[in-house]
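Each in structure tokens, the structures are laid out below.
Common to both upcoming complexes is chain A, partnered first by chain B, then by chain C.
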Partner chain A sequence: MAALPLMKLIRLKGVPILQQLHLEERLLRTSPHNWCIINDGTNLPHIVMGISGKPAELLEINSVLRDKVPVIRRFSGGGTVIVDTGTIFVTFICNKDDVSEVQPYPRPIMSWSSLLYSRVFQGVGDFVLRENDYAFGNRKFGGNAQSITKNRWIHHTSFLWDYEINNMAYLKLPKRAPEYRLARNHLDFICCMKEYMPRTNFITRTVDALQGEFSVETTDLEAVESPSNTKFIHSSKILTERELEEAALG
Partner chain B sequence: MALRLWASRSASYLKISTFNRAFATVVKDLKYADSHEWVKVQGNSATVGITDHAQDHLGDVVYVELPEVGTDVTQGNSFGAVESVKATSDINSPVSGKVVEVNEELNDSPALVNASPYEKGWIIKVELSNNDELKSLMDSDGYSKFCDEEDAKH
Partner chain C sequence: MLSRRIFRTRPWSSAGWRGLVHDRTAAKSSPPVTGTARQSWLFSARDFKSMPSCSVHKFYEAKNPYGIQGCSFSSQPMVEVRVDGIVEIPLAQTGEGIAECELLKWFVQPGDKIDEFQPLCEVQSDKATIEITSRYKGEVSEILHVPGDIVKVGETLLKLFVSELSVPAEVGDTMEPDNDTCTSDIQETAKGGVLSTPAVRNIAKMYNINLQDVSGTGKDGRVLKEDVLKYAASKGLIGDIPSPITGDPVKQKSEREDIHQDDYEDKTYPLRGFHRAMVKTMTAAAKIPHFYFVEEINCDALVDLKAFFQKHSDPDVKHTSLPILIKSLSMALKKYPLLNSRFSEESNEVTLRGSHNIGIAMATPSGLVVPNIKKVQSLSILEITKELSRLRDLAMANKLSQDDISGGTITLSNIGSIGGKFGSPLINAPEVAIIAIGQLQKLPRYDDKGNVYPAAVTTVNIAADHRVLDGATVAYFCKEWKSFIEKPELYMLHMR
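Take a look at the complex of A and B:
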């Protein structure tokens, strides 16, 4: 029986989301290894838009400016999320040749990841990949996005283990929304994973599911962060106050 | 074969579609890269885009990240990206040279990449720095065969 490909696992807790995104993009573009990064909560609330996100369309900018909520434009595609200590991030970075049954395009990658998560959530709620969202029934609990290079790809997810109701007020109803949303506002559209599974249980089950496909080796952040990393030019950035003000003026 | 049956059953269970068209169009007289970009060469100038196979597999393109005019491009390296189905996908240059024009229409109409991948959906124009590199690209027959082999593996 062929050996399983190696996947390095980094487990983080409360790491700032911008630091996580910088790490991910650098590993995607410069590392030869497969990676799983799990960040159990991020330290402060942040809004994170996809690469083509337009603040005027997606955010209640005046509230965002008033409350000084940081807004990041990340390197991957997809929609807008507000993340905080109640968010669990799970990221897979893979060499396409190590997952050779998966064509390196968005839908096959999502097909692969949803099968992995179906093992994580087996027997728990009505887990489904619904129009590219992770949902229990028709309520979304995980937003995912991807970035695909010539030989590697990343699939990263922000899971709503819990969320602050007030924070959802910073986000507008997006123009580009899945059909199953049916114009529901945020609170009627999303649900919390904490109603289905303890936090540590989810993380343990995710690592177990990975071990079915990879030889998982735990490593720590210090092993992958080094002074030479500062040469890499990241594309995920925090929008400046000026950029947000200009967007508000439209 | 068994893997394909398992995949389609799984896709059905998860209510997702992985159907792609049985064939993708190719255009004769273009050259093709194995990362699914095409190039049309006219003397020292080249026009670059992504193929019908690529746009079909990527899904509806909602955004194209274009390089600045004057940027240097290198054969095999990324110069921009398309966004589709919540993913950014690199566009890799099949040639080396300098970007002399970008298709600004894609800013307002990114779906041109899907609707007209070989004509209105062109992405950049390049002043070539090394015509010899074209020898490493596939012709239309070679690329068709390459696509068939790639799709057969999955």
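Take a look at the complex of A and C:
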């Protein structure tokens, strides 16, 4: 039997989302290895938009400015989320040749990930991939984004373990919504993972599911962060107050 | 005449994403893979002038271990139309149901030599950013879109100059015979035992030559253009084979005919990139009620100051008049900030902008672009000179960043550097003013004593949004600006 490809696993807790995104992009673009990064919650509430997200369309900017909620534009595509301690992040960074059965395009990667998570949620709720979201039934609990380069790809997910209802008010209803959302408002559209599975169980089962496809080797964050990393130019950035103000003016 | 910031990212329209999202579950993720659907996809692909290339080409049905029937794309080459070695590279299909992508950034520029599989650009489709790589080794000839453009699948992204015309012989060996009707041309050629390109076949047809009669000297016996011409010459169909230096008389004749024919034929081409952006911004500008204020400025002192800077500062820095005009403009804006404002029609509000981010219109090989120098009020003339040079270099290389071209508060167009007395510019919305500077001319003028002397004179035309600015404000502003240009010693009076 062929040896399973190696995947290095970094387990984090409460790491700031910007630091996580910087780490992910650097690993995607400069590392030759496969990586899984799990960040169990992030320290402070942040809004995270996709690479071409437009604040005026996606955010209630006046509220965001008033409450000084940081807004990040990340390096990958996809939509907008507000993340906090109730969010669990799981990221896969793969060499396309190490997962050669997965075509390096958005849909096949999305399908591959859904099969992996179907093993995680086996016997728990009615897990399904709906368009680009992970859902129990028709309620979304996980959003996805990807970035595909010449030889590698990243697929990262923010899982809604729990959320603050008030935080949702910072986000506008997106112009483009998945068809399965129908006309539901936000609270009727999403659900919390905590109603289905203990937090540590989810992380353990995710690692177990990974081990079915990769030879998983746990690594510390310190081992991958080094002074030379500061030379890497990150694409994910926090929008300045001025940028948000200008966006508000249209 | 002038465009607004043309890199402003376009607003998404939900219509643009029609067909992108499908309700699929892990159990049934497949696109239709019936024969009919596959053929219809292939026929639509054939309609494109050049087949999908870059990193996605051939379409085949795949069943992967996950039990999901899916579409996937290998990098097998397909038929492409090449004219004079120029290959049009379209945006290839990046996923089922994806009809268009947003172009995020280029990694190459015209003139760059590129290798096979080298990343060309990054696009975004729905949830993913995707690097598009080149299938060819060649040179970038023309880039047809700018970041922010929505590009439809199949639309040409860029053109490459590929020096060798070839049809890969292995295509016929590796493709499934029932899989790709688009490559029937290649297969027919291969079947006939003669490998050649469409261009070579056209030449043979022109001389009524059967390619099977021609001995091919290319790879794997491929018939090249020279082979056909040599054969034609040997049959007396044409004169001596032309040398590259003297040119082909037959070709010259046909070229002359083509030229004559071209003189009278209409030519239609789609507007792309900067030019397409200009259409959009000028259309928006047309809604603004413009009024124009024209003034003549004596630039004798400006010319002397420029010469002084050149003589007494770093010889590696080339000084021009423009940075001095930019700095003096900023000083005038301090007194008349309304010209550095933004108007919101929706809220009926005017916002006085804190920074003087002065945009400079630049004509580049790719079109008109307006990068801006940020916070001019806090920059020295030397710093403005260096920043202007930096922006100009980036503009000519088509490498301006999003930050360089956004956030402008007022625009200056030195159209006189090309020529013309003055122009009537269009405002770069949502700014409220734009200034066009005409050519510097030597004209006879009277001095204070009534004597005629040759003066360096330019005419400026300030276009202003009449919803925000009135004639008096613009006139006072222009008077202030003119005073700084004609009497630069006034800088010292206001310097902090």
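By definition in this document, the second predicted complex is superposed on the first by the 250 of 250 C-alpha atoms of A that agree within 3 Å, B and C clash if a C-alpha of one lies under 4 Å from a C-alpha of the other, contacts with A are read in each partner's own complex, and residues count from 1 in each chain.
Keep this in mind: a residue touches a chain if its C-beta (ideal position, glycine included) is under 8 Å from a C-beta of that chain, and two chains touch if they have at least 3 such contacts.
These numbers were taken from a predicted model, which means no experiment stands behind them.
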item	value
Fit or clash - chain C, chain B, common chain A	clash
Touching partner for A:249 - first (chain B), second (chain C), both, neither	second
Contacts of A:132 with chain B and chain C, given as first, second, both or neither	both
Touching partner for A:107 - first (chain B), second (chain C), both, neither	both
First (chain B), second (chain C), both or neither touched by A:231	neither
First, second, both or neither for A:118, with chain B first and chain C second	both
Which superposed partner A:57 touches (first chain B, second chain C, both, neither)	second
Touched partner set for A:178, first chain B, second chain C, both or neither	second
Touching partner for A:68 - first (chain B), second (chain C), both, neither	neither
Comparing the two partners chain B and chain C, which touches a greater set of residues in chain A	C
Chain B collision site on chain C, chosen from 325-333, 397-405, 415-423 or 433-441, when both complexes are overlaid on chain A	397-405
Set intersection of chain A contacts, chain C complex versus chain B complex	50-52, 75-79, 101-103, 105-111, 114-115, 118, 128-130, 132, 144-150, 176
Chain C - residues contacting chain A, complex	9, 11-14, 17, 21-26, 29, 55-56, 62, 64-66, 68, 70, 72-73, 94-96, 98, 102, 104, 117, 119, 124-131, 133, 342, 344, 346, 351, 407, 430
Chain B residues within the chain A interface of the complex	3, 7, 10-11, 14-18, 35, 57-59, 62-63, 65, 76, 78, 81, 83-90, 92, 150-151, 153-154
Residue ranges of chain A in contact with chain C within the complex	50-52, 54, 57, 75-79, 101-103, 105-112, 114-115, 118, 128-132, 144-150, 175-176, 178-180, 246, 249-250
Chain A to chain B touching residues, read off their complex	50-52, 75-79, 100-103, 105-111, 114-115, 118, 128-130, 132, 144-150, 176
